[in-house]
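Each of the two complexes below includes chain A, the first together with chain B, the second together with chain C.
Entry: the complex of A and B
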């Protein structure tokens, strides 16, 4: 564990110096994420001009939900996103070899090597909006519920990472350029909507099979509506199941990997 | 065979190289976007207690969000975003050696993708109208107008994309600028929510930008919501924006040719 933490510290050092190498791009990316935040906040503000509630949530509560998914998105953009982008290239070009022979877990190395320094600035901006939405909330909340919310959002980031991996790993078999990552980005819309809008089979899809509804909507719901054992149990079960599936697909993928000609 | 036929044939081969991925992504993206949008709007219609909002019922809203994902793909294509890497690596040289103009080549490859997605849009639109037993001559005319406007909008967007891409001669990496342009275009174009839902003042300001002509105009044409006058005005405005972006891109290209080292950065 200590070795992995030390290694991650080196990843951070390397990533910051690399990011500052391309300064214009560094600032462009910050502007891009700010625009993404603006669009998402404006979207719900405009919708709420036409209806008092969306899925039972008023404007204050919707802003908490928006703050939650912007924070999860920022965490993923900072920690995983660049690594996920390069993974299909490594698999297709046979460059995975370099990671398989290193004396550390290849999944750890490939998932965390590149820390996106510019997105880290955006993570702070997202955090400011997140806390602003919490402090603007007219209902009372305590430190314990805040702590619970943060833990659930970290869990949400892990779910997001797992689903993203599941959309990329088919590259081992299809040898396509990006796997199903475009489909993943479209599915990501489900994370940006309150889970209560989904009914029937769509609800099963987004809360169990591809649990985008558990990333930000469940945590926001627990924070707004109070602790619910059934929801927590659901979260733990689905997250563990998803992690097991990712590890198993990863291992199967490695078995199919045939190096440079893969 | 003329040069443009080679380019089109080669692009179609590229599109169809990974057929499974292509169709899974196309069907998946289209269906998911419709289902998510319909769920959201159903919740909004229920909460507001209305059956018609800003001229849209839940059915017309569903058609709107059927057109949005494929129309957006037609608009933004898939053949952009590589130029910065080519400049960075020095492989941009090939455009200087090709016996055809860089602009013609890029525009043609871009429009090939747009036309291909246009075909998908036809299939989706006809399928939707057949399911609801509404397919008649009127729908064929609307579909034709919609496709015409989307192709015109794609041409205008292609020029905008070329302008942004050529900035990479100076700025190394402009991927984020392309994404920003897409965000602006989709949000202020009405891809996320129809423009009728925007506050009046914002709707008026947006009309002075190219964004509503990229997305909202073609969708409204396809849904039969445009008068002849609005269509003619739309064509003129799209052509003017195309000329502006084309002029800007060509100025950058003229300057950039002398800055580009040809050996990568």
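Entry: the complex of A and C
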């Protein structure tokens, strides 16, 4: 574990020194993400002009939820996105070779090696909005529930990563350029909606099969509505199940990896 | 020690006719193509040996190397290296093994080599003293000391290959797979890499499997060669013995108005073949000589070993 932390420290160092070389990209990303944040916040603000509650949440509570998913999105953009972008290319072009021969988990290496230092500023902006939404909340909350929320959002980032991996890993067999990553971005919108709006089979889809609802909506719900054993149990069960599926698909994928010849 | 028994690898792909029509057709009915990249290969290599693996493009060299490095799973068969099954990817195996591919870079392009080395130090858990010693030794013998702090992408191809060699040898591997280490290098850089490998081999005595298209690499470094053709070994033995395989043959280099070509002819048929050639061609030049090692290996690679 300590060794992996040290390795991650190297990745951070490398990524920052690289990012500073590409200034245009640096500023472009910041501008793009600020627009994304603005659109998301505005969407719910406008909706709430016409209705007092969305899925049982008032404006303050909705903003906490929006803060939650913007934060998860920013964490993923910063920590995983560049790696996820490259992964299908690596698999298709046989570039996994050097990762597979190292005495370190190749999954760790391929998922975390590129830290998007560019998006780091956006992570800060998202964090500011997140805390702003919490501090403007008129109901009482304590440090323990804040701590719980942050843990659940980190878990949410892991779920986001796992679903994304499940859409990318079929590349091992399809040899297509992107796997089902477009599907991921389309369905990913479900993360930006309160889970209560999903009923019937849609609810099963978004809270069990592709659990986008567990990324930000469940954590926000626990923070707003209080600790609920059933929800926590649901989160633990689905997260661990998802993680096991990702690991086994990854292992199966490596078995059929044919490594395009040099 | 490396011990390989009946190793096989088949790849399955799908054939598609060209064009949009072909793509549409393939959507409904795909033709499965099974390619046997390796057909039951067996051999042993002792510690300290350096072996040349030779074959035409697509003969199965790289597939074999990738199986032994643990990258690709074989379809069937056994392989044990230092007591490990390579494709199980045991960390204790990976820590003692190294792979260098002339066509694929392993160091970070945007950073100075030294940064990548520090990361490798952490990955392979090389202690400070050994790390320092190895950097010094490798940089000195490869004469690349001044380039360690330059961004890798700003280095020449030859310098980059030297950096790749350093990166691969920092942890003093006991098993080394060198896949085309001199590809694209100019003559002097090729020589430098060869010279270095020779010294390294005699000093550290790893098991080395070298694949190369340049016969010079093989001739200078490998006392033993394995020739692979269409997934099968057609020769595994001493390089010096290979010449005897064709002891009965002479090589004719024939130049006509249109082209120059080479043929191998048995000594006993030399007279009849040359007169045949003169009759049917407008010959400008004819040269009869003993086949060189290159000629022999090329001939084995293309036609296999002919029975006497």
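We adopt the following convention: the second predicted complex is superposed on the first by the 260 of 262 C-alpha atoms of A that agree within 3 Å, B and C clash if a C-alpha of one lies under 4 Å from a C-alpha of the other, contacts with A are read in each partner's own complex, and residues count from 1 in each chain.
Criterion: contacts are C-beta pairs under 8 Å (C-beta built on N, C-alpha and C of every residue); 3 or more make two chains touch, one makes a residue touch a chain.
This structure is a prediction, so every number in the text was calculated from the model and none was measured.
Student: I'd like to know which partner A:18 touches here: chain B for first, chain C for second, both or neither.
Tutor: The second partner, chain C, only.
Student: Which partner does A:103 contact after superposing on A: first (chain B), second (chain C), both, neither?
Tutor: A:103 sits against chain C, while chain B stays out of touch.
Student: Could you say whether A:221 touches chain B, chain C, both of them, or neither, answering first, second, both or neither?
Tutor: In the superposition, A:221 touches no partner, neither chain B nor chain C.
Student: For the overlaid complexes, name the partner, chain B or chain C, with more touching residues on chain A.
Tutor: B
Student: Looking at the overlay, does A:258 come into contact with chain B only (first), chain C only (second), both, or neither?
Tutor: In the superposed model, A:258 contacts chain C only, not chain B.
Student: Using the superposition on chain A described above, determine whether A:39 touches chain B (first), chain C (second), both, or neither.
Tutor: In the superposition, A:39 contacts chain B only.
Student: A:10 in the overlay: touching chain B, chain C, both, or neither? Say first, second, both or neither.
Tutor: second
Student: Once bound in the complex, which stretches of chain B touch chain A?
Tutor: Touching chain A from chain B are residues 18, 20-21, 24-25, 28-29, 32-33, 35-36, 39-40, 42-44, 47-48, 53-54, 69, 171-177, 179-180, 183-184, 187, 192-193, 197-199.
Student: Which of the residues in chain A come into contact with chain C in the complex?
Tutor: Interface residues on the chain A side: 3, 6-7, 10, 13-14, 17-18, 21, 95-98, 100-104, 254-259, 261-262.
Student: Per the contact definition, I'd like the list of chain A residues that touch chain B in the complex.
Tutor: 22, 24-25, 28-29, 31-32, 35-36, 39, 42-43, 46-47, 49-55, 174, 176-177, 179-180, 182-183, 186-187, 189-190, 193-194, 196-199, 202
Student: Would you mind writing out the residues of chain C in touch with chain A in their complex?
Tutor: 11, 58, 62-63, 66, 69-73, 89, 91-92, 94-95, 97-99, 101-104, 106, 108, 110-111, 115, 118-119, 122-125, 179-180
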